[in-house]
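After the structure tokens below, expect a handful of questions from me.
Chains here go by letter, A, B, C, D and E, matching the order in which they are written, and residues are numbered from 1 within each.
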Amino acid sequence: MGILEVKGVNKRFGGLQALGDVNLSVEENTVHAIIGPNGAGKSTLLNCLVGKLIPDTGSVMFDGRSVLGRTPYEINQMGISRVFQTPEIFGDLTVFENMVIPAFAKRDGAFRMHAFESVAREQDIVERAQQMLEEVNMLDKLHMHSASLSRGDKRRLEMAMCLLQEPRLLLLDEPTAGMARADTNNTIDLLKEIKQKRDITICIIEHDMHVVFSLADRITVLAQGSPLVEDSPENIRGNPKVREAYLGEAA
Amino acid sequence: MDAILLQILNGLDKGSAYALIALGLTLIFGTLGVVNFAHGALFMLGAFCAVTLQRLLSLSFETIDETKTDFLGNPLKVKTPYVEGWFGPEVGGAIIDWAVPLSILVAIPIMIGIGFAMERGLIKHFYKRPHADQILVTFGLAIVLQEVIKYFFGANPIQTPPPDALLGVVNLGSWLGLDLPYPIWRLVYFLFAIVVIGGVFSFLQFTTFGMVVRAGMADRETVGLLGIDIDRRFTIMFGLAAAVAGLAGVMYGPIVAPNYHMGMDFLVLSFVVVVVGGMGSLPGAVLAGFMLGILESFASTTWATTTLPGINQIIIYLVAIIVLLTRPRGLMGRKGVMEE
Amino acid sequence: FTNEPTGSTVTLGFNVPQSGPYADEGADELRAQQLAVEHLNGEGDGGMLNTFSSKALDGTGILGKKVTFVTGDTQTKSDAARASAKSMIEKDGAIMVNGGSSSGVAVAVQGLCQEAGIIFMAGLTHANDTTGKDRKANGFRHFFNAYMSGAALAPVLANAYGKERRAYHLTADYNWGWTQQESIQASTEALGWETVENVLTPLASTDFSSYIAPVLNSGADVLVLNHYGGNMVNSLTNAVQFGLRDKMVNGKQFEIVVPLYSELMAAGAGENIKGVLGSMNWNWQLTDEGSKAFVKSFGEKYGRPPSNSAHTCYAQVLLYADAVARAGSFAPCAVVEALEGFEFDGLGNGPTLYRAEDHQCFKDVLVVKGAENPTNEYDTLEVVEVTPRAQVEYPPNHPMFGGDEASLGECNDGA
Amino acid sequence: MLGLNSKDTMLLIVVAFLALAAPFLLNPFPTNSSLAQFNAGYPDLMQRFAIFGIFAIGFNILFGLTGYLSFGHAAFLGVGSYAAVWMFKLLSYNVIPAIILAVIVAGLFSVLIGYVSLRRSGIYFSILTLAFAQMSFALAYSVLSNPKFNLTNGETGLQVYGDDPQILHREGLPDVPHLFGWAMRDNFLELEVAGWEFTFNNGYYLCAVILLVVFYLAIRLFRSPFGLMLRAVKSNQQRLNYTGLNPKPYTLAAFIISGMYAGLAGGLLAAMDPLAGAERMQWTASGEVVLMTILGGAGTLIGPVLGAGFIKYFENIFSKINDNVLHQWFAFLPDGMEDFMVFIVHPFVGKGWHLTLGILFMLVVTFLPGGLVEGGQRIARLFRRRGKKTDTPDPEHHPKETPHVAE
Amino acid sequence: MNVKPDFSKNANMASTAPAFLSVYDMHAYYGESYIIQGISFNVHEGEILALLGRNGAGKTTTLRGIARMDAPQVTHGEIWLDHQHLHTMKSHQAAVAGIGLVPEDRSIIPGLTVEENLQLAQIVEPIGWTLDRLYDLFPRLGERRKQEGVTLSGGEQQMLAIARALARDIKVLLLDEPYEGLAPVIVDEIEKTLIHIKEQGITTVIVEQNAVRALELADRSVILDTGSIVFDGTAAEVLENAELRAEYLAI
């Protein structure tokens, strides 16, 4: 029984069957990659996991509890964090403030009326934010307006925000897209390190096979809304069907 | 029965006024995304185009009539309009009489010009600014326009009567055996509204103009990358909207005598209509205009006001609340337009 | 007492609407008040000072102090009016406040002046409450009121249109509208008319078509428009548009009545008011000496005849100054005493009484009608009848005026 | 100090100084000079500055932080005033219960309206709040003032009558709003110094103290995690949701807090002048606070107060300048010139005060996108630049602009 | 080692082959921040230039500067395209002059369908490929032509953005990270397309984090670091120079 159990999920957009009977089981403390052609439904699947979309049929269980019908923030509070395909950050706030918010969410839950404390005086939170920024190499950008970050930096920031929450399940939708090679490698190292340090399950969507094969313990290939195969990375790399439908020369 | 039909007619008429005002507003507000608090002022300027033309046409020379006296006991100065002097009382009188319809011709270029000037001179700098700033600047502009009109024309309402030929009442129901007397000018207004609405719709529907402007609103930058000069089109759109607002005002003059603050009176209402119709939707604005007009008419009946005292005062807002709570984006709103 | 003038001047506060729909009305009031100040200071031709029955004023200001004035904008909102009046009192040291163009404002400012301890002379306020349930010791009203309109109009209406009439009232849905409607209904019913319906219309309405249309099928043959200002212009215009005036109902010609007229409204309504009956406090066409003197000096200065609210504001400035002069003191309570029960003449409207019990002026009331053939732009109304004062009088404890409970309270000299 | 960092402490001290010294600062001209017209240091206007400052600060907590533009905030102000006057009518003229009830009632009212309106965002939210406020206004103006059930006294405004119960009123207490016998409208000190007159009014100082308290609270709120969350709502609600935070209670709390600020302002208005008019709830009044906030600088701490002062100043000072005053000003000029100047200035003052205000709105927002606060910052920067110029040339401006490059 | 641009050696400014697109001493700002600090380079007609560098190096800024977008503000410098001076133009004029930019965030226009997004590109002359031809190139878009553009999957959006650039008759194609978020097979496809485009005589500037792929495709390469050019030479040179790659590209 995995920490995340997706059973028989279907999702239609008008005439389009975006997800067709998806079953997926993610084991605790593993890195599970989902790959597949563009438009296969990977992001849609992720959307169903975090409450952005509600599947037409099927069930999604996280740690034995259903996530369906819960709002995104409840799902996050259950321990699921997500990095989006196009960076979603608080553009009007500074990098530091961006980091502080998830720290509060982690510490105080979905709502707390702390209208008279001062952010600057919450030592634990401030330290936590700085420490995390250091880990992703962004401490020098602490007081920058996050909207004026370059695209790769925005991605790193969003990653850091999610990691700071120490989620039990981290969903990454193409976390290294647009990142410079050096930072991609750093990210891989960072994720590996985090995995080592604490119990975390990672579900990653990525088109960069370097990343996928460096991290994944298991890979599911999605095509046209349904899982094509699920296997270990070695086997996937060797699978001719996958090579033809997806990997091309990269394999 | 007659009473109900009559209220429907009234509602259609009110509705066409609302729809016409909202149509102009939604071009700027719903489509260009500029919160234009000066829209009411444009409507008012339209009405004052008619007032001005009427005044110009009745510019007079004075002759002294010794037989009568004025309020100070001096000999009375009799005024004769120049046009009557030039064309004779018959033709001259008729020209003055037709001042309101004539002013449509005058108002179109004037209002388009005002729209252009307003966009080029002011609004242009505010597309990328927060809505709040747009509110402040257009509100400022509205005040200035109003005060200028007040300075020249005073605060009192000024009658702009329709031509005599369109003055009376027709019985719309005579061929049905019903008694439905209805002012001719209001019918004219209704038809006029339909024509203008139809014209604007087909312009935006059957040309790519509408699509380009919508696209430009959503993402100016990208549209520029595709070689489209969006600024020019925004200016045209503004001119169009100003013309629609102005025409609504010109034709409304005979129904309600123009005064300098008539725009403000309509301003809030027209925003409500546009939003109830749904941001970015032209048909929505028109539909909401007619719907609110008719509902308001029925809420004004004695039956309604005795059942629910004060309902006539709040009906529009009540309906707006209900619509917005049941339909998140108004009647026909498009997603993503001014929802942040 | 508050703002006791110590220097060589005395300051009056003229609080009138300068923005909003009644701005023109306010401007006219202001002109008249300025003229009054000139006359008090001995400039100009003296206007009604020459015809005023009391001769306490001599053109050297008030009690030898030169009169100056400050102005303010009521915006026709009670809040703004009070703010403006307060600034006159607190900042400019005004000893009296005069003017205004709505009953709500009059009542609000009257209350303020009562508390602050200065004299308030109401401008155009027609609701019964101003000198009815909201009467105040420091407040005075020269203008007539809704009850008087009814009392003056009803007989004329009965004469002109007969006693068997069915009236339909459209009434502006706020305090003034209600009191006027109540008064007109009472006085017309007393003469045999029947009231078919009274419909309240929102103040913010501009298009009254949906209120006019039901009139057509109601069986009524008279429409009474208890509206003022823009409301009245629009409702009347709409009624005419719907052909009401050309209609025959119950075998009679359909008629429209506008109980309260003003010159500005009449100008705004244009042709539509031809032949429509209503009432007024005063009109520039009156031919008594006082009126003639006033129209002359106003007309020569501003090139136009004064409106009836201008007349009221002018008269009140003189009345106030005169009371101070007779009392020999600016102290509000002394002024109140001098004005209470004061009988005078020569300010238009014939012999007039400032009644002590409620500070309401009693004088002749005009019934007017829209001119059929105006010879110039100011000649919009013609006087049909001057209703004698006796006919419009009522006891101070009349139920429409707060009954027995209404009281002026104590006069207040302030700090 | 007081849990603020040094910059905020400075700001608070400056505001405190300005507020407490207002009777001096706002009366810079001798009473008999021709410029005395511009003095604003009389009780009523000073009270208004403070009260509308409070109103705008509260509005800014909602709008400046969350970006939710309420177009119906005047409803809370109005409700607060009505509540306060009712307390005067029923209990006594003591302002404490009146102000407390005003805040509570406005708070409850804003729970109701906020809960419903916050189900939508953007312009849809604005129109919902507008609709609620306009309904409140329409009902207060007419229906709720009918003789049978007179809650608001309609057009005239709710006021205290002699026959009101006032059950806690005792002999010896003033018959006007007071703070334990300390009448709001009285002045505790009137100074005359060589042609200058300064009035120290009880009511104003009550308002000023309350203003300082709520300003302090607003600073704390802006710097708090709660304030941060509100700014996050404005920036990216979706991200906030996926970060495990529920935006709803945050925005609702902000809405209620700002509603209570409005109620407080309404209560104070009634406490200074015990009359509550329905126009206080009209959309123009709601629009006014929007304008105040934007004009001063939305999202800044001091901006709304400046904006409120600016608009109230025009309303009360410029509207009172009439031709007579103009003639006095220009009396030193030769006659023809004098008339000409009066002719030129005339349209912009007195009954033309709106025109000036409108022009200033346009100028400020066009040239100072951040409102008056930005104007202040620019001036400050100018001074700083000038001071700095001597040390190092600004490295940021290394390449000179060349004319042939289009922007 | 620090590789400074050496114009006399690489001699592009004074090269014998006439430059087609030429950037000379460009300086650009975002507000107060000085991003592009005087860069010059040339692109010859029909070649593919790879513009490389780390996150935040200023690649996007450079492309936007060339396309004459409102931000950044180019305060100094000249940009020439085929004897026309772009630096006096607005972005729509530059577009008409022959610039086609595929922005890094794809900028699919909300509210418009796929087809409308393409039609929009064909409103102003010069018109390039027909819609049919574009759908042939990207069949996926043909299938989705009635769908709202922004609901496309990430990869589909990328295709649409490229297709939209080709719908106009452009002289220079500026690609900002075109492979980002694309399945490896699709990257292969697009690579082929780019070669095809090159054969049509269209000049291309490509910004890409997948530097090796970009360099394999490109004729020449320019490397940026914090707003300045640190290398300008042939693509082969970069591939051979391990030091350079390690220092600026981390590969």
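The criterion applied here is as follows: a contact is a pair of C-beta atoms (placed from the backbone, for glycine too) under 8 Å apart; a residue touches a chain by one contact, two chains touch by 3 or more.
Computed from a prediction, not measured in an experiment: that's the story for all the values here.
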Need the most distant chain from chain D, centre defined as the mean of C-alpha atoms.
E
For the chain pairs B-C and A-E, which is connected through the larger number of C-beta pairs in contact?
B-C
What is the distance, in whole Å, between the centres of chain A and chain B, each centre taken as the mean of its C-alpha atoms?
52
Centre-to-centre distance between chain D and chain C (centres being mean Cα positions), rounded to whole Å
35
Distance between the centres, which are taken as Cα means, of chain D and chain B, whole angstrom
33
Touching two or more other chains, which residues of chain C qualify?
23, 173, 200, 202, 204
Note the residues in chain B that touch 2 or more other chains, in rising order.
310, 313
Residues of chain E that touch at least two other chains are 33, 90
Touching chain E in the complex: which residues of chain A?
13, 16, 35-40, 42-43, 85-86, 148-153, 174, 177-185, 207-209, 245-251
Spell out the part of chain A that touches chain D in their complex, as residue ranges.
50, 71-73, 76-77, 81-82, 84, 88-93, 97, 100-102, 104-106, 108-122, 161, 165
In the complex, the residues of chain D that touch chain B are 63, 67, 69, 116, 119-124, 127-128, 130-132, 134-135, 138-139, 142-143, 146, 283, 287, 290-291, 293-295, 298, 347, 352, 354-355, 357-362, 364-366, 369
Touching residues (chain side chain C, partner chain D) in the complex
18-19, 23, 26-27, 30, 34, 68-73, 77-80, 82-84, 86-87, 90-91, 102-104, 107-108, 111-112, 115-116, 129, 134, 173-176, 178, 200, 202-204, 405, 407, 409, 415
Chain B - residues contacting chain C, complex:
2-3, 6-7, 9-11, 13-14, 17, 68, 70-72, 76, 150, 154-159, 161, 168-169, 179, 181-183, 185-186, 255-257, 259, 261-262, 265-266, 296-298, 300-302, 305, 310, 312-313
